[in-house]
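Just so it is clear, A, B, C, D and E label the chains in written order, and each chain counts residues from 1 on its own.
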Amino acid sequence: MTEPLLDIKNLRIRFRSDEGTVKPVNGVSFQVNEGETVAVVGESGCGKSLTSLSILGLVPSPGEVFEGEIRLQGKDLTKLKKNQMRKLRGNEISMIFQEPMTSLNPVFTIGNQMTEVIKLHQQLDKKESINKVVEMLDLVGIPEPERVVRQFPHQLSGGMRQRVMIAMALSCNPKLLIADEPTTALDVTIQAQILNLMKKLKDELNTGVILITHDLGVVAEVADRVVVMYGGEVVEEAHVNEIFDNPVHPYTRGLLSSVPKMTGSVEELGAIQGSVPTPSQMPKGCKFHPRCPIATDLCKDEHPNLEETLPNHFKRCFHMEGGSIYEQHKRETTT
Amino acid sequence: MSSIKEKQLPNVLMEVKGLKKHFEVKKGYFNKQVSYVKAVDGVDITIYEGETLGIVGESGCGKSTTGEMLLGLLKPSEGVVKFKGKDMTEMSKKELRDIRKDIQVIFQDPFASLNPRMTVEELIGEPLEIHTSMTKSEIKNKVIELLEVVGLNSEQLKRYPHEFSGGQRQRIGIARALALNPKIIICDEPVSALDVSIQAQILNLLKKLQREYNLTLVFIAHGLPAVRNISDRIAVMYLGKIIEITERDQLFGEPMHPYTEALLKSIPVDHPKWRTNCEPLKGDLPNPANPPSGCTFHTRCPYAQDICKNKVPNLEEVKINHFTACHFPLKQ
Amino acid sequence: MNANTQVEQNMDVKPHHKEQSRVSKVFKQLWKSKTGTVGLVIVLCVILMAVFADIIAPYDHTETNVSARLLPPFWMEGGSFNYILGTDNLGRDVLSRIIIGSKVSLLVGIASVIVAGAIGLFLGLVSGYYGKWIDQVIMRLVDSFLAIPNILFMLIILAVIGPSLTSIIIVLGVTTWVIYARMVRSETLSIKERDYVKSARAIGASDYRIIKKYILPNVVSSFIVIATLNVATTIILESSLSFLGLGIQSPDVSWGLMLSDGRDYLATSWWVATFPGLAITITVLGIIFLGDWLRDMLDPKTKS
Amino acid sequence: NPDSSEVDTGDEESSGETAEDDELVIANGSDMVTFDIHDHNNTSTEAIHVNLFNYLVKADGNGGFVGDLAEEWENIDERTWKFQLREGVTFHNGEEFTADDVKFTLERVANDDTLLEHGNYNQIAEVNVINDYELEIITENPEPALLNRLSRLGSGMLPSDYIDEEGWDTFLEEPVGTGPYQFTEWVKDDRVVLEPYEDYFGEAPKWNKVTFRSIPEDSTRVSELLTGGVDIAANIPPEDWERIEGDDAVKLADSPSQRVMMLVLRTAENEVTGDPKVREAIDLAIDNEAIVENLYNGAATPTRTRVTPGNNGANEDLYGQSNYDPERAIELLEEAGYGDGLEISFDAPSGRYLKDRETAELIQAMLSEVGITVDLQFNEWSTFTDKYSSRSFGEMFMIAYGNSMFDAALALDRLTQAQNEGETDYINDEVEQLLTEAESNMNQEERVKQYQKAQELIAEDRPHIYLFQMDSVYGLQENVDFEPRLDEMFYVDDLSKN
Amino acid sequence: MRYFLSSILKVIPVLLMISFIVFFLVRLTGDPVSLMLPETATDQQREDLRQSLGLNDPIYIQYFTYMADVIQGDFGESFRYNQPAIDIVLERLPASFTLAISSMIIATIIAVPAGIYSAIKRNTFADLIITGSSVLGKAMPNFWLGIMLILILAVQFSIFPVSGSGTIAHLVLPSITLGTAIAAEMTRLIRSSMLEVLGSEYIRTARSKGLRETIVVNKHALRNALIPVVTIMALQTATLIGGTLITETVFSWPGMGQLLVQAVNARDMAVVQAATFIIAILVILSNLTADLTYRFLDPRIKYED
C-alpha cells in the first residue's frame, strides 16, 4: 500500500484553563491521499477547525495537542521544532480560511502579502515573485491581475478575496491544501464559482485537499471522501457516494435529512432533536446519545470505537443495524 | 399537503407598490452633493393572507431593507405599503405603534436580536405589557403558554438569553413575535445563523405554527433550499428589484429569468452523483450605489442583448401567477 | 407523535443556574483574577477607612503639636509609636491625616465622577439616540471641551469661583463629563442599530422604553468600568490641583493636599509626602485593577 | 580674585553648570515683571532693575541718604527741593543723562494715574529744569519723605530722548539705563541676562555676565543651588536649611526684611473684636516666639510694630517684643463676657508668603487653646486681593506688608481714618492727629517722635496685631560673599566670589 | 483634500464654542479693572477705565466686539506685560512645543516596545511587571515625579541639570516627567490593541504562510495595532498640554504652561484667553494630524472618498 499523504492518528487537543480542562478534539484519525479531496463535515464547534489548525501547528494557546500523531509523508509534524514547522507552512501545507474579509491583512497590498510567501519559500527575487503572483492570480481567474496586485483587500469583493487566498495558498505548490469553510461566507453564485475553481485546480495540481464544511451540498459537489465529526470525534468516514447512499451513523443520517432539498417533494425535515453540546458539557458514553433516536443504555455508559464495518467505511456506533431502526423511526414520525 | 392553489382566491393582506429606499451616503461635511445607495429600487409585492412568501437574493440586494419597510421600521423613500388596505406610510406614530401588534418580526442572528439584559419572561412579556392591559400574572401565564408553543419550558422563565443555545434563542424570538397574535411575521433570515440540524428544527416549527395560527409569513433568506422548503410563493430579488415572482414549484420547474436560472444552477447538488461541470454565473454583484443601466443584470447575463443595456424591463405577468422582469424571458 | 414535540421535551441541555450560583460565580471569577482580588481588597479597605475615619484616626487631623514637629515614623531613630508614620511640619500626625484625608479624597473622586457621569450619560444618550442636529450640537460641545486641557479648565474656573470641596467636585465633574458622553454616545449608536432594538421597535416600544430598557442597561457596564477608572484619575487630578494651590484647602485635608504640601520636605523629611503619595498610588492601583477586572467581567466579548 | 579659585575645595561636583568665576547666576522665586520701572510694585523685579538704572539718591541703610545720580541736594523751602546732578553720566545707548531725563521720569509717574507706582509719586507737583545739571522738584504739600521716595522702587532714571524717539514698546524690549549693567536678553519665565556697561560712570562693573533666573518651585530652586547651577538662590524655605547647612559647598545668609506679618482686626463697636479686651486676648494668646522658632526656624523677629529698625520713625522699644500670656487671655475674655467661648472669622492668604498657611493654622490652634473658635478660611491670592480691595473680610485677616519707602508714613498710612474705613474702622483721635501732623512735618526729629508715639498707642489699641518681621533667607555657594540687604536688592557689584 | 477642508470647516463651530466658553468664564472672574489699577485709584478712574474697555456694554455686545477683535488676531493686551496677549503666548509656544514633542517621543520609545512585549508575553511575569509599572506611571502625580527626578538624577547623581532651558540636557527630565503618564496610557493601549490584533484572522493567515514570528508581529500586527493607538493618543494631546502646566512650573521651563499658571494667578485674562485659544487650536490640529496619519496608515479609509 502506498503511504498516505497525511495520516492523522488519534489526535487529541486540550485547553487548560482555570475553569478546568476541555478537550474539543478527542481522538480524531483520518488520512488524506495525494490528489484526494477529503471533506470534514460536522456542526459548529465539533472541532473541525482545531483539527486543521493542529496540522499546521497553529492551535491557539492555551490549546495544545497532547496526544496523537500527524504524519505528513511519514514525518510526524507534532514532533517538529518551531522553525522546521515554519518551513512547511505555506510551502508544503497551506490553508485557506473561512472569512475572506478578515483573513487578509487590511493594510498591505495583495501583491505585498502574496510575494511574502513566495520570497520566503522559493528564494525568488522581487521581480520574479511579482510575476509569479500575477501568474497565480491569473490561474484562479482574477481579471486584470497586474492591477489587483497593487490593490488593498478592501477594494476587492468577497469572492475575489477568496480567490486571492486560494492563489496565495497554492503559490508554492503545496502537497496539502486545507480549506476551512472556504465558501460559507459567500453568496451561492460566488460559492459556485469558487467550488468550480477548486475542482479545476485539484485536477490540475494533484494536491491533497482537506475541505472543512458544514454544508453537505458542498460535500456533494467536490469531495472524494467524507469524514463526519461530532463532539470532537470522527463518527463516520466513507467515500462520498457511500455516505450519501448508505449513511450508517444516526448522526450522519440526521444531518442528511435535516438539509432541505432542491429536488423532490417538499416534506417535513428530519431534524435532530436537541442541540450541539459544547466541549465542557460533553456527555459520557456515546457523545451523540442524548440526541440519538436509537440510543440504548449501552450508549449512555460505553464509548463506542471507530470501526470499519464495511470496506473503507468506518463508523462509531454500537448499532450495526442502526440504520434500519432509524429509517423505521423516521417513517413513524413523518406524517 | 396543502398549498395555496387549493384554496379559494385568498385575501390580500399587504400590498406594496413602487417601494423604494435610497440611503444617502454623505461625502464631506457641508457638501450637499450626496450619492445614494439604491437599496430598494421599485418593489411591488402582494402578500395574501395565510401564505408564506419567500424572498431570496444575494447579500446586499435589499431583502432586509424591504423587510424593514414592510414592518414600518424604515420610512420608504417612495412608494406605498398598505396593510389591510391602509397606507402605513401615512399613519401617525401612534397608529403605527398600534399596527405593530399585527406585524411582527424574527431576525437572523439569535445572538443579537434579544436584549441580553432581559429575562425570557420580560422578553416575551414585553409586547403584552405594551399593547394589552393584562396583569402581571396573566402575562406570566401567557408567557408560559407561549414558551410551550415554541418548545421551551416554564423553568426557563428567569434566564437570560446568553444561557441558551442558538436554536433556543431563536425559539424565544419566535415566542416574542407570536405574543400578540400577529397577522403576519416577517422572518429575516431566521435560520441562516444556525447549524443544519437546528435549522431544520426551526423550519419545522415555523411551518407548524403557520398551520396552527393561520399566520402569514414573509421568509427572507439567501439559501434557496430553505426557501423552497417553507414557501408557497417565492420572489427573487436582484439589486433592489424583484426580478421574478411566482409559485414555488413553478419557479423551480420553469424559471423564466436568467438570473433565477443561474441561481438554481449555482446551488450545490443534493447528491454527489448529480455533479455537473456547468459554468457558474460570472462576475460579482454590482455595487448598489452605482448599478448598471437598463436591466441591472445585463452585466452578468449570458443572454443579454443591446436592449438590456438601455431599457429597464418591467415586472410583467408572463404566465398566470408568474411575473418576471426580463426582456427575453426563458421558455422551457 | 410529531417530531417537534419530541424535540421540545429534550431541549434543556444546559444545567439550570440558580441566582445564588451566579453571585458565587462572580466571586469565583474574582478570586481567580489575582489582580482583581487585590484591587477589590484595596478599594474596600480604603472605603472602610474613609467611612470610619473619625473612629480609626488616633488624632484629629488639625491637632498641631509644635514640640513634635517632623518626627520620623516609628521605626526610624527619633520616631515613636505615638506617631506611627511620623508627624508633619506642624506636628500633626501623618497617619491620622491620611486616614481622615481618605474621606475627602474618595469623596472628591466619587462625587465628581457621579456629577460627570450623570451629565455625560444624559448627553451621550440623547446625542446618540436622537442624532441629527442635537447630536451635532452636543458633539461640537464635546469637541470644545476636549480641546481644552482639563487641568487648565479647572484652573480657570477654580480661580474664578474659589476652591472649596463643593466647587472642586463640581468643577471636576463639569470638565470631565466628556469622556462619558463620548463613550455613551458611541455605544448608543451601535446598540441603536442592533436587531434587538429593531425588534423592540417592531413590538411598538416607545423611545423612552427603548432607552430605559434596551440602551441604558447595555451601556451601563462600559459606563461603570470607565467611571471606576476615572475615580482614580480624579484623585490624581485633585493632587495636581493642590499643587497649583487650587485643591482642597486647609483645614480640610486630602491626600493631594498632603502630597503637595509635603513636597517641600521630600529631601529632608520624606515621610510627610511619601505616605500620602503611597496612599494615592495604592488606591489608584487598586481602582485600576478593579476596573480592569470589571471590564473583563462585564465585557461580553472577553466574557465568553 | 582669580587666583583663589585654585584653592577652592574640590568636593563640589562640577556639573558643567556652575557659572564661571566672572559670571553670576541668581535665582529668584518669580520672574521679573516688566522693565517699566513705574508699573510694578515687585521687590524682586526692582532687585534686578537696580543694576540697570540709578536713582537720584540712595538710602545708606541708617536712615540717611547718599548721592547717586545727584551729587548734591537741598531743601529750599517746604515744597521745593533742589538737586545738582552728576556730570558725564551716559545711558547705555550713549546718550547723556541730563535734568530733562529727571523731569521726564518723575513727571511721568507723578501724572499718569494708570501706573502702579503713581500713588507713591503723585506728591510731586512738578519738576523744573534749571540747566542740564540742575533742577527743582516741587511737591504738592510739604513732603518730608521725598528722599525716601526718590530712593526706591520706581525712581530709576529713564532716557527721555530714547523713549521719545523709539517709543515705549522698544524701551520695554530693549531697556536702556545708566546703571553698571546693560540689558542683553530676557527669556520670560526663565532668565534675564545682563552684561557690563563699559562706560559706567562709577567703578567698573565686576561681572562679565549676570543672569537672574526665575525658578518658582522652591525645591527646584534649592536643588539648583545644591548642584551649583546658581550662585545665589533667594527665598530658601526653612525646611531646606538643613540640606544646605549640611552641604559644604553651599551656605545660608539671612537678613531681616521689610515684611511684617500681622493680623488686621475690625474695631467697630458692633464687632466682637470691637472690644479691646478681645483684641488683647487674641494678641496674648498667640505665641509669636513659638511660631518663629518652629515654622521659620528662627528666621523672623517678633515685633509689636510694623516700623522696624532701619526705617525712618522706627520705635525700637516695640521691636523684638511679644507678649504671650494665655492665662491672662482667658481672663480677659471672661471679663469681656466671652467666658464660654466666642467665634471669629479669620481669612488668610494661601501660598503667598512663606509659611502663611502654616502660620494661620498655628494661630487657629493657639486661639482655640484660650477658647476662641476660629473659622479659618484660606484664600488663593487673587481671591484674597479681591476681598482685600473690597474690604469684605470678616473680623480678622492676616497679611504681610512690606515697606519700600523705609519710612513710617507708608507703614502707618493704612491706619488713618481716611484709609481704614471699612477695614479696621479704627478711631483714636490722638493717633489720627499724630499721623496727620507727622505726614507733612519737615522737622525730622519731631516727626520721628510723633510716629514713635503713634506706634505705642497702636500697639495698645491693637487694630493691627503685629506678629513678626520676616527674614529673607538666601542660599549661596560657599565661595560667594553676599551681605543680604534690608531692601532685598541685589546690587551685584556688592557681591563677590573667591 | 476634500476631507481636509471639511474637517477644517468642522473646526469653526468648535472654536466659536470655545471662545464663548472662555469668554464667559473670564467675565465671571469679576472686575478686571480692579487688578489693572493701583489700589489707590479713585472710583472715577475705575469708571473711566471700565468705559474705555467697553465693560459697561451688554455682555453680548462685549462678546461680539471681542470676537471681532479675535478674528483680526487681537486678543487684547496683557496688563501684566503691557503687550498684546497673543504675542506673549506665541513667544512661549516653541518652548512648550519642544517639550511636548520630546515627551511624546520619550513616551513612544518606552511604550511601543513595552506594549508589544507585554502583549506577546501575555500573562507572564514580564507582562505583569510592565502592566504594573504602567499603572504606577499613571498613579504618580506629575509634580511628585518631577521633584523626585530632580532629587535623584540631578541632585544625587548630577546626570542632568535641575531646571531651566537651553540645551538638550535640560529637556530630559521634564520630558520624562511629562512623558511618563502618557507612556503608561500608551503602553496599556498598545497592549490591548496588540492583543486584539494578534487574535485576528489575518495574523493566523500570516502564520500559516510560515512567516517568522518577528515578521508577523512587526509587520503584520504592529501597523494594525498602531492605527487605533494613533487616534487615541491624539486625544491625549490635551492631557499632555495640561501636564505642561505642572511640569513647566516644576522645572521652570519657559513655556505656555508656566505662563498660564501665572496668568491665571494674576488674573491676566487676556493672556489666559489667548493661550486657551491657541491650545485649543493646537489640540484640534493634532487631532487632525492624527486623523491624516490614520488615513495614511489605514488604506481602507484612504480610498473611500
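Here are a few things to note about the model shown:
Basically, a residue touches a chain if its C-beta (ideal position, glycine included) is under 8 Å from a C-beta of that chain, and two chains touch if they have at least 3 such contacts.
In UniProt terms the chains read A = Oligopeptide transport system ATP-binding protein; C, E = Peptide/nickel transport system permease protein.
Model, not experiment: these values are computed from the prediction.
Listing every chain that touches chain B and chain E alike gives A, C. Note on connectivity: the fewest steps through touching chains from chain B to chain D is 2. Centres computed as Cα averages put chain A at a distance of 49 Å from chain C.
The geometric centre of chain A is 31 Å away from that of chain B, both derived from CA atoms. Chain D and chain E have Cα centroids separated by 39 Å.
Among the residues of chain D, those in touch with two or more other chains are 219, 223, 380, 382. For chain C, residues touching at least two other chains, in rising order: 2-3, 7, 11, 13-14, 159, 245, 263, 266-267. The set of chain E residues that touch two or more partner chains comprises 30, 147, 151, 155, 249, 265, 267.
Note for the complex: chain E touches chain D at residues 30, 34-41, 45, 49, 80-83, 88, 91-92, 147, 150-151, 154-155, 158, 161-165, 249-255, 258-259, 262, 265-267. Remark: chain C residues 62-64, 66, 69, 89-90, 158-159, 162-163, 245-246, 249-251, 261, 263-269 touch chain D in the complex.
Those residues of chain D that touch chain E in the complex are listed here as 13, 15, 17, 30-31, 33-34, 36, 39, 41, 113-119, 169, 172, 187-191, 213-217, 219-220, 223-224, 226-227, 229, 380-382, 385-386, 389. Contact residues on chain C toward chain B in their complex (touch as defined above): 2-5, 7-8, 11-14, 16-17, 19, 194-196, 198-206, 209, 213-214, 217-218, 300, 304.
Across the interface of their complex, chain E is touched by residues 140-141, 143-144, 146-152, 155-157, 159-161, 232-233, 236, 239-240, 243-245, 256, 259-260, 263, 266-267, 273, 277, 280-281, 284-285, 288-289 of chain C.
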